[in-house]
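Structures for review follow.
One chain, subunit A, links the two complexes that follow: it is found with subunit B in the first and with subunit C in the second.
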Partner chain A sequence: MFEFNIFAQDFLNISTVIPSTLALALLILLISIALGGVLAFIEQKRVFVLWKVSQLFRSFLRGTPLLVQLYLAFYCLPVVLQKAALLAYLPFNQNDFNPVYTVIVAYSVHFAVFQSEIIRGSFLSVGYGQIEAAQASGFSFFQTMRRIIIPQAIIEALPNFFNSYLSVIKSLSLAFLVGVVDILAKAKLESALNFRYLESYAAAATAYWLLCSIMTYILGIYEKLIRKRA
Partner chain B sequence: MDIAYFFKILPHFISALPITLIVIFFSQLFGLLLSIAVTYIQIKSIKVLTPLAHLYISFVRSTPILLQLLLIYYGLPVLLSLFGININFWSKTAFSIVTLVLHNGGFLSEVLRPAYLAVEQGQHEAADSLGFTSFQKLRRIIIPQLLPIALPGLGNGLIYLIHDTSILFVIGVVDVMGVASNLVSSSYGTDQIEVYLAVAFVYWAVTYLSDKGVKRLEKITERYHLENGLKS
Partner chain C sequence: MLALKNIRKSFNGTDVLKGISLKVNEGDVVTLIGPSGTGKTTLLRCVNFLEKPDEGEVQFSNFQLNYSHAKKKEILRLRRKSAMVFQQYHLFKNKTAIENVMEAQIVVQKKTKKEAYENSLELLNKVGLVEKKDYYPSQLSGGQQQRISIARALAIKPEILLFDEPTSALDPELVGEVLNVIDQIARTGATILLVTHEMSFAQSISTKVVFMDHGEIVEEGPPSQIFNHSNRLRTKEFLKHFTNNYQKTTSL
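Let's look at the complex of A and B:
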């Protein structure tokens, strides 16, 4: 049956990997925001040819599960890097390529599509009057971007970025299939030692639930602050 | 890349596709029914049930689907054996459908509830003042207006559901992904790229078709939008 001691022990052990999971998710989030910005720019400006490529790319990323993309990256990336290293005469061994890099690349690309939607929406939410006012005041394009549009767009986008941070954390649970240790992977390792699957999975669920509740609480406070200021 | 091998293994995946489709169909159907029940409970604010529904939605939304699958697979038999129910003979597909129904039910109710609330209060009042019963009101006034609002969210839910079926091989379901992992483990570490590329194309096709279907439904229900209805 359910042993509470084992549950508590598992929970303590799992909580040691929470900081590294959060840091990895943050890194993925930042890279995906940068990529998403590029994608949003390409689609908004309809850059020649790249625009069509990015649409195909978007359809593929939306149409296939993250897990399949992760496996594709896991098997493709070392081979591709090996070929590239051979061309550039760099020392590289595909057998000791750390799967964390695979996870970072695959997840950043996967989430970039979602981020580009968020970014596009937040830019469009800035009223056109604001841009006209900036132009009337003689701001350059760059100045308008930096002083008028981006500060307003960021406020609009932050809650959505926060939500996608949570979904990155949750999706990182798939990373144990390529050998990266996060919360769920740690729970699996714990249960492999004593065959108490239920306790360790319950501990992992509690960890995730606590994390998400705390983050949602913080987000609620932030939204209240914004509403007060507006 | 070995294109010949890619086309050689593609039929394997297509023969495993029915299992994935069955899982998707039943999970979507029962998930939608569950989400309607959960939405009803949330909106009506019933004493004990409403906090329970909130707890359920918060759990479903804040833990990964993989973890939920493992919890159901290892936990549900233990939980039900306390009540003297034996479900150890259930197939792995049944466990995965239960997981996806529970996951989808919580997820879709977060789509349905805002859609219900988006229908104006005036519509309720107008129906009431015309003497509609509550069932008539729901069928003739609320649901037709709710559908065009909820459909994009429900379509997204369907896409996520299709993606979520890719993790079922972890407990040993032999669907498209299960066939892929069997192929990979029997080929001694070669040709994985072809295998997963084929899986990607199968999933891409399924998502594309279901996306088209949802778009079609959206077009049909478009005329129920209040502004569009007045025009036609």
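Let's look at the complex of A and C:
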């Protein structure tokens, strides 16, 4: 039956990978926000040809599972980098390539599509009236952006970015399949030693759940703070 | 001083402004009246290039611009000559009342924070809202927001103040406080171009009233002429709609 001792031991062991999982997810989140910003800009401004490419890209990323994208990246990225390195006369061995880089690339690109929509929506939420008010007072485009639009867009976007952070953390459980150890992967490794599957997966579930609850609580405080203004 | 010469503007092939020429002398209060959809808002928006006129010229005391070939820099200069008060206030929602008034002084006029702050306190005092200086727009009534937006407009010391129906979005009981503030500003010698449907207010505050219809100026003159002695059919027809609440809504 369910052995609480084993569960507790598994939970402790799993806890050791929580910081690295959080850090990896944060890195992915930040890169995906930057990429998403670029995508949003390209599509909003209809940048020559690029915006068509961006739409194709978006449609592909939304139309295929993350796991498939991860496998594609896992088999393509090292080969592509190897070829690129050859051309540039750089030393590179695809067999030494750490799969964590593959995860970072695949996930950042995958989530960039969602971030670009969050960013677009948050900019639209500022409303044209305030922009015109700034322009009528003689603000330049960049002054309007920096002083009026971006500060409000960030406040609007933050809760959504926060939710994507939680999605990234949970999605990282797939990264086990290319050999990156996160919370779920750690649980699998634990149970491989003692065959106590139920305890280790329960421990993993508890770890995810706790993380998400803590973050949701923090988000709640933030939203209460900003609601005062809006 | 503001002079507009032959302003033309069309939207999708419909002529909205059909060659408007208009002069507002220093210290004058010129009121634009006319039916909805006549182009009053569009005309005000053309003055500061929120709307790009197809043709026409604008002249301030020491600045002149032909709209059909305006460069970015000139547009910025043009915009710094005037200030606009919008029907829907359009305050910056992420800033407090006093920050709204300070903002353009810091960003556009490059004043120090301290200077802008002190100047803004004075302006908030003028519109009677010093005690609300740290409130966000969402915490203020419509009338209060509009008074803040008037203070914001005054802050850049414009050559002319443009008001586009500043009381039309307000509950009736809040109209008076805003008209009071505008009246007080007019008394200090500010140059004003105002669009309003508050006819009794227009009559008492204006040095000149301009009646517009279908993108054209039909008639202009001192308020007594337009309101009491007009012999133009279109003007009289239009004013008939207001005779009922004409005397009643004396808001001052």
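In the analysis below, the second predicted complex is superposed on the first by the 228 of 230 C-alpha atoms of A that agree within 3 Å, B and C clash if a C-alpha of one lies under 4 Å from a C-alpha of the other, contacts with A are read in each partner's own complex, and residues count from 1 in each chain.
To be clear about the criterion, contacts are C-beta pairs under 8 Å (C-beta built on N, C-alpha and C of every residue); 3 or more make two chains touch, one makes a residue touch a chain.
Model, not experiment: these values are computed from the prediction.
Of the two partner chains, subunit B is the only one that A:Trp209 touches; subunit C does not reach it. When the two complexes are overlaid on their common chain A, residue A:Tyr101 makes contact with neither subunit B nor subunit C.
In the superposition on chain A, contact is made by A:Arg147 with subunit C only, not with subunit B.
After superposition on the shared chain, subunit A has more residues touched by B, the comparison being subunit B against subunit C. Touch criterion met: A:Ile155 reaches subunit C, while subunit B stays clear of it. Applying the stated contact rule after C-alpha superposition, one finds that A:Tyr222 touches neither subunit B nor subunit C. Of the two partner chains, subunit B is the only one that A:Val68 touches; subunit C does not reach it.
For subunit B in complex with subunit A, the residues that touch the partner chain are 58-59, 61-68, 70-71, 74-75, 78, 159, 162-167, 170, 177, 192-193, 196-197, 199-200, 203-204, 207-208, 211. Against subunit C, in their complex, subunit A makes its touches with residues 129-130, 132-140, 143, 147-148, 151-152, 155, 228-230.
Looking at the complex, you find that subunit C touches subunit A at residues 48, 50, 76, 79-80, 82-84, 86, 88, 90-94, 103-104, 107-108, 136, 138, 149, 152, 156. Within the complex formed with subunit B, the subunit A residues making contact are 1-2, 59-60, 62-69, 71-72, 75-76, 79, 166, 170-171, 173-174, 177, 184, 187, 197-198, 201-202, 204-205, 208-209, 211-213, 216.
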